[in-house]
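Order of writing sets the chain letters: A, B, C, D, E and F. Residues in each chain are counted from 1.
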Amino acid sequence: QIRQEAAVANARQLVEKLNEHCFERCVPKPGASLSSGETTCYTTCMEKYMAAWNTVSRQYVARIQRESAAAPRY
Amino acid sequence: QELQQFVVNESQKARIQQSIHSLTDICFRKCITAKMSSGKLDRTEEPCMQNCVDRFMDANMTVLRQLEQMRTQM
Amino acid sequence: QIRQEAAVANARQLVEKLNEHCFERCVPKPGASLSSGETTCYTTCMEKYMAAWNTVSRQYVARIQRESAAAPRY
Amino acid sequence: QELQQFVVNESQKARIQQSIHSLTDICFRKCITAKMSSGKLDRTEEPCMQNCVDRFMDANMTVLRQLEQMRTQM
Amino acid sequence: QELQQFVVNESQKARIQQSIHSLTDICFRKCITAKMSSGKLDRTEEPCMQNCVDRFMDANMTVLRQLEQMRTQM
Amino acid sequence: QIRQEAAVANARQLVEKLNEHCFERCVPKPGASLSSGETTCYTTCMEKYMAAWNTVSRQYVARIQRESAAAPRY
């Protein structure tokens, strides 16, 4: 159960950060509704942010594993 | 059980407060760009702040819908 | 008592964010004392930030209520 | 009761530490704008950092005083 | 004792997740500067994100090494 | 033991903030390795950030003490 809560917190933070970046970039002047250009930008930005998050995860975890293999702790 | 309900309610309230702080931060940066001349929100700032909140939530909905879709496809 | 602590934490965060924005804007080069121009700017900025926070609160809560009325959860 | 005093003291210390981190963040951004040439603070950076701390606290005082005033008027 | 191990593991995982969020934030800002045209990372963005993670960790190592050195000299 | 944990948390936050600022400034385009120019900049930046943190600590604590001496609380 604790694990599930951690996963939810993790997903929530991803969405928060993503919104921060993509709203900043794709909606410079908020109007009476999201224009189709803004919506397209947002969807693209969202996919890119998640791709970036995946790349960072892979790279970071690989690095940590390499380092802990080089200097094992007993 | 009453206590549990109390805790749930309070943490929901805390989350709402958190969102309000974060939205004020984001939208103030976007909408209040002119020199500070009056302590009130002027004719362009007030609707900009309101639109900013609504567009942010529209965008957030888009994200959540897409995440939902991705989960179903997995 | 928990409620009161929450209110204090909420007010504290408002003041923190407000200071962040207004100090950034109104005191670009900190000198030996606050000039009267800086003080005026700060007071105006403070009022505007609190007005912005009020607008966001109203708009956000209204939106949440509209949405939870449209899609009630049992 | 001693334990309680200990908790109060420690959380006060934690809050002070937090303020120091946040002020360093804000003032470093404001005062250290030139190219990094020496690890020490130079003749303009050191007083700028000191003034930054003091002016931030002056401004904070203004805010708290005004909030107090508003509360009395309610 | 198993419980303790569980807590240690989970909080380590939480710290790793935190680092991944923070690195994604920093590196997205550095590497994704062009207009959003595709949801995937392009030929310059992907290696930039990877290098960003690795260089950040190199730099972090430098800092930790120097802090260690300073502590030894005290 | 609580005190030691607080000290560790404090040091960790200093390193985090320092990395944020110095990586931002010294590594604008992360490449295949840290160049010697980037490494020098990083070391200098790190020393300057820690000097800034020290200045802020001294200034802030002195100010707090002055104020609590002027207005003692019973």
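In the analysis below, a contact is a pair of C-beta atoms (placed from the backbone, for glycine too) under 8 Å apart; a residue touches a chain by one contact, two chains touch by 3 or more.
A quick note: this is a predicted structure, and the numbers were derived from the prediction, not measured.
Think of it this way: of B-C, C-D or D-F, only one pair shares over half of the A-B contact pairs by residue number, and it is C-D. Distance between chain B and chain F, defined via averaged C-alpha coordinates, is recorded as 31 Å. Remark: chain E and chain F have CA centroids separated by 18 Å (rounded to whole angstrom).
Here the spacing of chain C and chain F, counted between their Cα centres, is 27 Å. Contact with two or more other chains is made by residues 27, 31, 54 of chain B.
Each of the following residues of chain C touches two or more other chains: 26, 43, 46. All chains form one closed ring of contacts, and listing them from chain B in the direction of chain C gives B, C, D, F, E, A.
Those residues of chain B lying in contact with chain C across their complex are 10, 13-14, 16-17, 19-21, 23-25, 27-29, 31-32, 36-41, 45-46, 49-50, 53-54, 57.
Per the touch definition, chain C reaches chain B in the complex via residues 2-3, 6, 10, 13-14, 17, 21, 25-26, 41, 43-49, 51-53, 55-57, 59-61, 63-64.
Considering their complex, residues 22, 26-27, 30-31, 48, 51-52, 54-56, 58-60, 62-64, 66-67 of chain E touch chain F. Put simply, chain A touches chain B in their complex at residues 11, 15-16, 18-20, 22-24, 26-34, 38-39, 42-43, 46.
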